[in-house]
Amino acid sequence: MDLSLETRTEGDRTVVVVGGEIDVYTAPKLREQLIDLVSSGAYHLVVDMESVDFLDSTGLGVLVGGLKRVRAHEGSLRLVCTQERILKIFRITGLTKVFPIHATVDEAVSATD
Amino acid sequence: MDLSLETRTEGDRTVVVVGGEIDVYTAPKLREQLIDLVSSGAYHLVVDMESVDFLDSTGLGVLVGGLKRVRAHEGSLRLVCTQERILKIFRITGLTKVFPIHATVDEAVSATD
Amino acid sequence: MPTVELSFTPLPAHVRTARLIASTVGRRVGLDESLVDEVRLAVGEACARAVGVQRSGGQADDVVVAFSDDDGMFTVTVHDWAGAGSEVEMPDLVEATEDLDEAFHPGFGLAVVSGLVDDVEVTSGEPGTVVRMRWPLSSSVSS
Amino acid sequence: MPTVELSFTPLPAHVRTARLIASTVGRRVGLDESLVDEVRLAVGEACARAVGVQRSGGQADDVVVAFSDDDGMFTVTVHDWAGAGSEVEMPDLVEATEDLDEAFHPGFGLAVVSGLVDDVEVTSGEPGTVVRMRWPLSSSVSS
């Protein structure tokens, strides 16, 4: 399955809804999307991963890259994910300590910590 | 997907409902079923192929083998199939001239030609 | 140079794997969806035949399937190592039917292949038979 | 002797094919369903790494993935030909994060592999790196 990307604004946050597989083949598309958003001034991103079927380390690398970019502008990058198989990959790599991970988009959008 | 087989009797006919893939890997199972039926005295067979997703030449070979067996007992082997992709394989191999092919199980069960 | 090459011990279960790969790789190189089914069936037939001739000859070497896309064509070749003499005739199936048993018959699958695929070439010799099939690609999505 | 062997030109699209084959072959040899996801991810990571190191080294030879089941184990090896010196350290990712860019980083994928898979062995040298992963089979359905 291929990657799908949808973007919408909620207040000062930009929500990116990702679906399908984020892997070595599709990750460049997600990277472009994140770069475009930051270039256009969106520094507070919420990436909704609830419809992601597959995530590999290339995908993780793109998310980490996105985090670096928004941080350069005092921004934030929050993830929405409750899928155990996806969360496991963040845990294995220690990235649960790097990304704020929320159970719902609402929670992520209203988070300020 | 694997092969599924179900057998029932309708009058003097025995209907074998086949589902899934009939290929080099699963065809032996269908062959056994046909041999068992003929051994137990069922010589008028209707093979319902409407739920078959895939058929290869090994599957054709098993059907031809079944036909030979029932013919040895003055029996019949009729097929039920309306799927174009499956019919195509019978046409390519000229087997449409060998097997009576019906659009419904009812038609096959009542056929006497 | 083949884009993807698969080799497998001559077992029926692996023919299914080869079919699955044929449709996946075919789609990926941009094969028209209407041809995917044909490719899957044809590759399966060629592999089933290769598995069959190697098993009946007691030849345990891996069957090799190579997929490539060049010059707007998707090419699949299936190699067996059963030596020259593994039958490659394509029988007239309608004529043959009365004699035909469900026993393995290598020509049967090739007849299906040649009936399905417009561009097919079968070369028999040492170390075995090569079945080469080609399909046109409507577009080159990726390679 | 490998049951199924796949080789492919080092392109990201083929990593997906390798993943698909990993889960198909794994299921076929009787891998527990709960492990299929892990195998798919681990094989994908190892292949993505191999594709990455070969591409960055300009090495166009085929990446080779071999699947076999022996002695109740499902073994997958992934070979690249990038030569000795293609990094194989598995970085502490939490420490590394501040420096980490989305740029290709071969150690990242291996860290995921070693975190996921209990039985993994990475051998680096000439002509390249071999990642060998093994999983127990609950049953031997077919081979």
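For the reader, a short list of remarks on this structure follows.
A, B, C and D are the chain letters, set down in written order, and residue numbers restart from 1 in every chain.
Keep this in mind: a contact is a pair of C-beta atoms (placed from the backbone, for glycine too) under 8 Å apart; a residue touches a chain by one contact, two chains touch by 3 or more.
These figures come from a predicted structure and were not determined experimentally.
Across the assembly, the mean Cα position most removed from that of chain D is the one of B.
Mean C-alpha position of chain A lies 43 Å from that of chain C. Distance between chain B and chain C, defined via averaged C-alpha coordinates, is recorded as 25 Å.
Touching two or more other chains at once are residues 13, 16 of chain D.
In chain A, no residue touches two or more other chains. Chain pairs that touch, as defined above: A-D, B-C, C-D. Of all residues in chain A, those touching chain D in their complex are 21, 23-25, 27, 31, 54, 56-58, 60-62, 64-66, 68, 85, 89, 92-95, 97-98. The touching residues of chain C, counted against chain D in their complex, run 1-9, 11, 13-14, 16-17, 20-21, 24-25, 28, 62, 142-143.
Those residues of chain D that touch chain A in the shared complex are 12-13, 15-16, 19, 37, 40-41, 44-45, 48, 51-52, 92-94, 97, 100-105, 108-109, 111-112, 115-116.
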